[in-house]
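Per-chain numbering from 1; labels A, B, C and D assigned in written order.
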Amino acid sequence: MSQEISLAHFRAWLLAYAEHIEAIEAQLTDLDAAIGDADHGANMRRGMERLRARLADPGLQCDDIGALLRTVAMTLVSTVGGAAGPLYGAFFLRAAQECQGGSVVTLVQLARMFRAGLQGIQQRGKAQLNDKTLVDALEPAVVALEKAAAEGAPLAVALEAARVAAEAGMRHTIGLQANRGRASYLGPRAIGHQDPGATSLYGLIRTAAETLGAAQPASLASRR
Amino acid sequence: MSQEISLAHFRAWLLAYAEHIEAIEAQLTDLDAAIGDADHGANMRRGMERLRARLADPGLQCDDIGALLRTVAMTLVSTVGGAAGPLYGAFFLRAAQECQGGSVVTLVQLARMFRAGLQGIQQRGKAQLNDKTLVDALEPAVVALEKAAAEGAPLAVALEAARVAAEAGMRHTIGLQANRGRASYLGPRAIGHQDPGATSLYGLIRTAAETLGAAQPASLASRR
Amino acid sequence: MQKLINEPADAVVESLEGLQLAYPHLLRVSFSPHYVARVDAPVRGKVSVISGSGSGHEPLNVGYVGRGMLDAACPGAIFTSPTPDQYLAATRAVEGGAGVLYIVKNYMGGVLNTEMALELAREEGYDVASVLVKDDVAVEAAHNRRGMGAAVLVEKIAGAAAEAGRPLAEVTRLAQRASDQARSMGVALSSCTVPSVGRPTFDLPADQMELGVGIHGEPGRLRLPLAKADTVVEMLAEAILKDMAVRPGTSVLAMVSGLGATPQHELFIVFRRLHAFLQAHGLVVARCLVGNYVTSLDMAGCMVTLLQLDPELIALWDAPVHTPALTWGV
Amino acid sequence: MQKLINEPADAVVESLEGLQLAYPHLLRVSFSPHYVARVDAPVRGKVSVISGSGSGHEPLNVGYVGRGMLDAACPGAIFTSPTPDQYLAATRAVEGGAGVLYIVKNYMGGVLNTEMALELAREEGYDVASVLVKDDVAVEAAHNRRGMGAAVLVEKIAGAAAEAGRPLAEVTRLAQRASDQARSMGVALSSCTVPSVGRPTFDLPADQMELGVGIHGEPGRLRLPLAKADTVVEMLAEAILKDMAVRPGTSVLAMVSGLGATPQHELFIVFRRLHAFLQAHGLVVARCLVGNYVTSLDMAGCMVTLLQLDPELIALWDAPVHTPALTWGV
């Protein structure tokens, strides 16, 4: 029987991501100052604060993973703004649509959800690999996850492979000129700087690897 | 027979003063930046440029010292602006009135002219000694000139005494709090800074000492 | 950070509170979500014009709310495109039965958020159109050009057309024409400082300038030694004219907007040269704006915007407008 | 020096040239000597209102020339009071047979130059009165107080009274009342840079502020660590109210003017607190202005001005005005 990821795992992931974003806010600000408008850190932090508040709300009706991720999508869309808000929103919305009503998901389903999320981002933002966007961190992670799922790898191994791929993708943006988003106005001056969106997106995969594959989710895991 | 100061001497004085102001413009700017609005250098230089142009104008009708000094007054009033324009204007206008029609003046007359000039400045600006204004340089010079004249001192000696007194008066402003002009807004913060107007005024006396007592005026002295 | 603010995180809300207190006769500020509506909205039977942008560009857009211009403006966080729910709430608040036009500056964030807003508003049954403003010639690829100063002009034209009772298709067509016929380029003499960041977005030595900057503190395409105002103006105007292909004799509206920290004294020096330059190129400066119209927080520098005019656009430009930042006519 | 200028010595002339090109329908600039006159001056039978000041305070005063406000403005060199011949030439150009009022900000230079102008104009047979503006409570000795933001308000009041056809004595009385009832205080977050000097007039570390600055880059009375906007506003407003002795229930006009380099975004944050503060002190903020109205080149910071109102002053304030910087009514 393949390992399952519970609603509690997903909540733990989101909380870990919120914490992670707060930890790297200054880095995101610096990266966006170099090739953008210095707000990616503040935008993501604002979104995460709101998300944390939503998740802590005892009245929140999120009894399945799909509903949880839809809430995440809506929260980010209405608080992050800028380019990142709709794109992160699209990721979670499309991922949610892939697991309607489920209270647990398998690695195969997770890979499908992430692929759908990537497609949502690309449908909205039209970015391809090497455009120097968050797609450069996400797409390699999705591919790695799919490969691991196809090979029947254990969940933790699959997620670690995704993390490694995302990190490489994030680093790869340093050498790129941008074709999408604000950094594209800079022409060749964008080369040499890591993309802020790819950096926050890598954090999403990294925290997924830290939480979704755990035997017991970090937070109150009673529901499992 | 007492030494006489000719029209050419006065022209030489004014040209020397114009040159002096240009040389110390930056110093005047710095002094005014410290306790004022940083424009005394530019204001005086603008006036001197215009004055030089007027004096170079072959059509200028200034056949006596009074007419010359009246022209100086009018030129400064209409180009310097700020506090210094009307005050320097008042000095030259009142000095001119003391030597109507004269083509030469004696030390005694010169002392009378400077006293009248000082009175003109004080009538306009109401400044007393120790108010930290150009009066602090001018009044001691006038007193020294009057004393030398009463004692029958040679012109050059009298002017040098005036210069020394003006210089001491100028330096004395460093320790003063201002009661008039822009520096008065600063309260005790003005203490420790030399007054810009006293500095430009000292230059007027210094160049007088360099030119008015000369045997032969520095510039084309044919009229003597 | 030399700013008159309290907590950086509160700056946008507090600024909107001040705006509300200063212009109670012109506008109403909603704080949840953030939008600024014309005081007499909804105006029945009139097309509504709505625009949004990050905060920090004031008077854009909140200062352009009022009769003859915007029915509503959606202010985002500093330099951050507002979210779809802001547009949606503004739409519900000001729609008067004749449809809505969103005027969108061409940034990924601006486009994505208004696309979502459009979908949501249409789902709710509103008739919504949108016009994209992309006037920055500093960006070479025309499809990717940023929306800059032209936003003010497009909003004024659209607002006047709406006020005149034209239908949504007409208002949209006129706004689109204004957008198509406008070009801008900016220059920065200093970076701006985003309050939550607390230091300048980029370092610019005092003797250098960034040519082709955006209005969000994005660095420009080119850093050059700071030139004299006349030379700077020629660089901006030449880049714009090269892209505009206007015939001699054409009437233009010329706007010089300060970026926030450049005094009027300098803006008039800029306009002087711009006027002479355009005249020398055979253009007629039929209308102008000189002042702080689209800013980038406390950035020093300016932006030049040209709009090719025609009698219809001139009439719409001249039509009365009553907003905090633009006021004329009855 | 981060400025959009050409030669520093040409800045004033070139800025006036740009002003002329931007507002040909409102004003005419004379270049020898410098003054800016209302385009339709002289207006027969109307009292003429003339004001002057150094350049670098724009829109003061050149931006306040037009119907309902100034008949002429005399711009001096940067921060330098204009000369008597400028006032005299302006007087000759705009006097319409009903006399002239000079509005003078209380600086030694302002007073001395206009005194001379008054004498000369009277010698020429003109009926000239003058009103002194001295609103800066940062200067303790009341007779020595600088003229600051109140100049805008006094000029508007006087201009409206003149436009309404009131005789010189009346216009003078109303201007005097406005002047008597106004108080200001400013704060700088950065020094300005005078073009001909090329570096800041004073050094101010980024974490400090100068309280009680003038509008010519004069240092203030007190340097303090930069406080939050709310605290700064309280310091300014408290100093003003302490000096004003207004009874609860009194209506005031509250102006927040940026000093040149402070964005609107911050000015509204300042106004927000000012409004609350005044309300808490029982005052009614009946009218307001928030923007760059009296500036000090590229200085960051702001000035708060309060004017005690009464029905007569309110009516004059509300009367139509059509100038580059203030426009309302018909």
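Keep this in mind: contacts are C-beta pairs under 8 Å (C-beta built on N, C-alpha and C of every residue); 3 or more make two chains touch, one makes a residue touch a chain.
None of these values were measured; they are calculated from a predicted model.
Novice: On the document's contact criterion, could you list the chains that touch chain A and likewise touch chain D?
Specialist: C
Novice: Return the chain whose centre of C-alpha atoms lies at maximal distance from the corresponding centre of chain C.
Specialist: B
Novice: Measuring from the mean C-alpha position of chain A to the mean C-alpha position of chain C, what distance in angstrom results?
Specialist: Measuring from centre to centre gives 33 Å for this pair.
Novice: At what distance in angstrom does the C-alpha mean of chain B lie from that of chain A?
Specialist: 77
Novice: Which whole number of Å gives the spacing of the CA centres of chain B and chain C?
Specialist: Measuring from centre to centre gives 55 Å for this pair.
Novice: Using the touch rule from the top of the page, what residues of chain D touch 2 or more other chains?
Specialist: Correct list: empty.
Novice: For chain B, which residues are shared contacts with two or more other chains?
Specialist: Within chain B, no residue contacts more than one other chain.
Novice: Treating touching as the only link between chains, describe the layout with one word: line, ring, star, complete or other.
Specialist: line
Novice: If two chains touch, include that pair; go through all of them.
Specialist: Pairs flagged as touching, ordered by label: A-C, B-D, C-D.
Novice: For the complex, give me every residue of chain C touching chain A.
Specialist: It is residues 33, 54, 76-85, 107-109, 112-113, 115-116, 136, 138-141, 144, 146, 194, 196-197, 201-202, 214, 216-219, 221 of chain C that touch chain A.
Novice: Give every residue of chain C touching chain D within the complex, in rising order.
Specialist: Result: residues 1-7, 11, 14-19, 21-22, 55-56, 58-59, 63, 189-190, 206, 226, 228-230, 232, 260-272, 275, 285, 288, 290, 292, 295, 297-298, 300-302, 327-328, 330 of chain C touch chain D.
Novice: Along chain A, where are the residues that touch chain C in the complex?
Specialist: Residue list for chain A touching chain C: 29, 33-39, 41-43, 46, 77-87, 89, 124-125, 180-182, 184-187, 189.
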